[in-house]
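Structures given as structure tokens follow.
One chain, chain A, appears in both complexes that follow, with chain B as partner in the first and chain C in the second.
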Partner chain A sequence: MLLILKDELLKTYKKWRTYIGFIAIAVFVPAVQLALKFEGGGMVNRMTRGLQDDFFLVGNFFNGYFITQFLLNSMWVHMPFLISLVAGDQLAGEATGGTFRLLLIRPASRSRILLNKYVTTLFYSFTLVAFLALVSLGLGLALFGSGPLLIPGRTITIIPVEQVFWRMSLAFGFAIVCMWCVASLAFLFSSLVENAIGPIVGTMAVVIIFLLLSNMPVDFFKAIKPYLFTSYLNVWQKMLEEPIPWQTIRNDLLIIGGHCVGFYIVTWYIFVKKDILS
Partner chain B sequence: MLLLMVAEGSAQPSGEEILKKVEANFPGVQDYTADLDITADIERMNVPPMHVRMYYKQPDKFQFDSEGFALLPRDGVAFNASKLLSRFSIEEVGEESSQGGKEFKLTLRAKGERAKTTRLQVFVDADNWKPTRILSSMFDGRSMNAVFRYEKQDGYLMPSLLTVQFTSPPADTSDQAAGTDMVPLPRSQMPRSGKVTIRYSSYKINTGLSDDIFNKK
Partner chain C sequence: MSSDVILRTERLGKRFRRRWAVRALNLEVPRGEVFGFLGPNGAGKSTTIRMLLSLVKPSEGRIELFGKELYSHRKDVLSRVGGLVESADFYQYLTARKNLDMIASLGGGLTRRAIDEVLNLVGLFPRAEDKVKTYSHGMKQRLGIAQALLGNPELIILDEPTTGLDPQGIKEVRELIRRLSKERAITVFLSSHLLSEIEQTATSMAIINMGELVVQGKVGALLNTGENVVKIDARPLEEARLLISKQQYVKGIKQINNTLEVNMPLDHAGELNTMLVRAGLEVYSLIPRRSLEDYFLSITDGSTDIR
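After this line comes the complex of A and B, so read on.
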């Protein structure tokens, strides 16, 4: 089991496409942070202008946590693309390369090979989100320092500095689970075709269409929103609400986890029944 | 009889005189430090209890330090009588009786047409020349009511409790469609109805605060 997993991890991390996501994050995040550093606290001032009419704001609100939250908000719709780049290639890539039959002549069962590929996919998703956390939080705190987290929006929430780090860490943890769901879908699509382009485009199409449908102000779409897995992909944001809606978070995570398991079971069924010709 | 009435009428000081007496409201206090514990219960705002250290030095220097953060109502905490006359003109001076005795009621009107606060009513205790209440009316229909309480600290009458109540017209409190989280809210939609309570404690008076404290950003 471990040997197969090691092989799959090596195979995945030897591919150039695996690093596209890391490079994108390594370029985008510091570029935004440096631009914000250069601009100064203008963004926070603009967001809190109305508040500052009536109040003195004491404290460093333009801090690493604020920048990280801003980046996460900007990127969470785009992360599925970076995830599906690798997840969509896991099975279809073997078909494209003509290495499937070679892989399956190993003594390990198809189920075991599939499980190892799936674990590799989940590990890639974990490392990508963890890398985003490391770069955005690490560089953010180094450049802008620490402080309370101001969350603008319909309701303004301020999280005290002593609570921000653990809340942010859990938010990233939940973001990883959300990306596992997207990775599972791409993995499922990957089992259906012999070219990785299809699963990547297919995953993004599903995510975008579901997100559009669930955000449309139409009653019919509002009714189907609870049945779309994309409605729960923002569970990480709930860690930054006050008070923390633990019950909702638990339910959302269970639904996302259920989708991961469901997608995997369907993938397994397709994969073990599949007539491998390449 | 007529002379007596005129003399009694002239006993009421003018608005400028009242504000000058309020301005000198800390006779003998050159500077002070106080700890402020703040609780805010404001519509559409989730803010935990806050703690801040306040520094004051005559004539009008304020500095706030906090290890975390704080939201402090501008018109209450940093009320400065000396600056009022540059922004407002006195419209009316009256007298009211309060529980503790007599109060002067000053009605001020903003000089600039684009002023945020259009009308201000300042209630001043006639015995100790301390502001007891400030009522502000703002251009967008909102109003603010700040109520001060004082206690003796080292022989000086200092603020002990400040309650600031914000009231918005009904249109401001209507439920708006959920917007994008990172887009700033229009000013009229900012959460404004609610109450901020500030308790003052741990006063240190006339310790000779350095000007450097007030130069911090």
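After this line comes the complex of A and C, so read on.
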């Protein structure tokens, strides 16, 4: 079992496409952070203009946590793409390469091979989000220092400095679970076709269409919103609300986890019955 | 007797939508043989092999390997079988050794020495640490055979292992197959669309056409005895016909246009020729034809693969 997992990990991490996501993050995140550094505190000033008229804000609000939070928000549609790039290739890539003909004539069962591929996919998603956390938080704190986190919105929330780190870490943890859900969907699509393009486009189409639908100010779409898994993908943001809505977070995570399991079961059902004709 | 049959299919069939790619196929492969599975393009060879290796689920019928039903004993059965289906494709971005290593892991793993051994068998040991993307077609094909030999299988199933190889490569593969069969007592199931190839390597054979079994048996028995025909063009034709019909070994004689088709054992062909020449006849041509060969040529030449 471990031998197979080791090999699946090796196959994935020896592929060039696996590093596209890491490279994208390694280029994009520092670029934005450096730009903000040069621009100075202009952004935070604009966001808090109304507030500054009435209050006198003390402390460094233009800090590493603030930047990270800002980056996370703006990258939220790009991450599913980077995830599906690898997750969507996991099964379809073997079909394209003709290598299913090597794997599936061996004693190891299809269920076992599938499970190892799935674990590999989850591991990749974990490493990519962890890398995002590391680069954005690490560089952010180095460039801008620490401080309380100010979250602009209808009402402004300020998270005290001693709470920011663990809240932010948990937020990243939840973000990983959200990306597992996206990865599971891409993995499912990957079992249906013989080329990775389909799963990547399919996953992005589902994520974007669902997000658009659930943000439409139309009553009908509001009614179906709870049934779209994408409505729960912002659970990580709830770690930065005041007070923390633990009840909602728990429910959201259960729903997302349930979707992961559901997607996997469907994939398994398709994969063990599938005729390998590639 | 049944313990001597290493592979058996009973009424095996596969349907793709409406079309049957393989139908009601009964095969029996005796242990220790090199079994040639012969058929023209589209006959259903690869589909059959995919079913034998559990890649494709049969629509009907059953497959027995080592006397056990394949799908209920999949793990046990497949750990004793090696296979190469269609072209030899590998993980291009990994070395040959790593590829073999991974394949071996799916059966529980093998030592470095065991992998060296199969690499040596196919002559790829010196290139073992090169990525497969640097390999030529012939080298990949040999690596394909190497992976089929991992874990000392009792049976190897090879789908057209010589396609795309040059004459030297074809010769090497043939010799390797003979050696595996002789020295290691491995049963080889080998598909091909060339009768000559089967004739040179196989000891038993089956012919499949349009998804159905045509004939199966020992190569010698099928090709060199039985209903064989010598086509003779000699003048004067009537005199030749009379002389030939008097020979004891002649079983029948037919005239088609200006040639005679004589039904007789092929080993008397020379003798017949001498006899005609001595009698003062002019022999323009004398062509011994094995009826199976004739038959196979008739199904391969033409568009039999389009249904």
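In the analysis below, the second predicted complex is superposed on the first by the 278 of 278 C-alpha atoms of A that agree within 3 Å, B and C clash if a C-alpha of one lies under 4 Å from a C-alpha of the other, contacts with A are read in each partner's own complex, and residues count from 1 in each chain.
Going forward, a residue touches a chain if its C-beta (ideal position, glycine included) is under 8 Å from a C-beta of that chain, and two chains touch if they have at least 3 such contacts.
Since this is a predicted model, take the numbers as computed values, not measurements.
J.: Answer with first, second, both or neither: which of chain B and chain C does A:70 touch in the superposed model?
T.: In the superposition, A:70 touches chain B alone.
J.: Figure out whether A:273 sits in contact with chain B (first) or chain C (second), or with both, or with neither.
T.: After superposing on A, A:273 lies in contact with chain C but is clear of chain B.
J.: Does chain B (first) or chain C (second) touch A:151, or do both, or does neither?
T.: In the superposition, A:151 contacts chain B only.
J.: A:160 contacts which: chain B (first), chain C (second), both, neither?
T.: First partner only.
J.: With the two structures laid over each other on chain A, which partner does A:103 touch: chain B (first), chain C (second), both, or neither?
T.: Once the two structures are laid over each other on A, A:103 reaches chain C alone.
J.: I'd like to know which partner A:242 touches here: chain B for first, chain C for second, both or neither.
T.: first
J.: With both structures superposed, pick whichever of chain B and chain C touches the larger number of chain A residues.
T.: Of chain B and chain C, B contacts more residues of chain A.
J.: Would you tell me the residues on chain A in contact with chain B in one complex that are also in contact with chain C in the other?
T.: The overlap between the chain B and chain C interfaces on chain A is empty, containing no residue.
J.: Per the contact definition, I'd like the list of chain A residues that touch chain C in the complex.
T.: Listed in rising order, the residues are 3-4, 6-7, 10-11, 14-16, 97-109, 113, 273, 275-277.
J.: Could you list, by residue number, the parts of chain A that touch chain B in their complex?
T.: Counting only chain A, the residues touching chain B are 46-51, 53-61, 70, 73-74, 147-148, 151-162, 217, 237, 241-242.
J.: Report the residues of chain C in contact with chain A in the complex, numbered from low to high.
T.: That would be residues 50, 53-57, 74-76, 78-79, 81, 83, 85-87, 89-94, 98-99, 101-103, 105-109, 147 of chain C.
J.: Spell out the residues on chain B that touch chain A in their complex, using ranges where they run on.
T.: Those residues of chain B that touch chain A are 44-48, 52, 64-75, 77-78, 116, 144, 166, 176-179, 181-187, 189-192.
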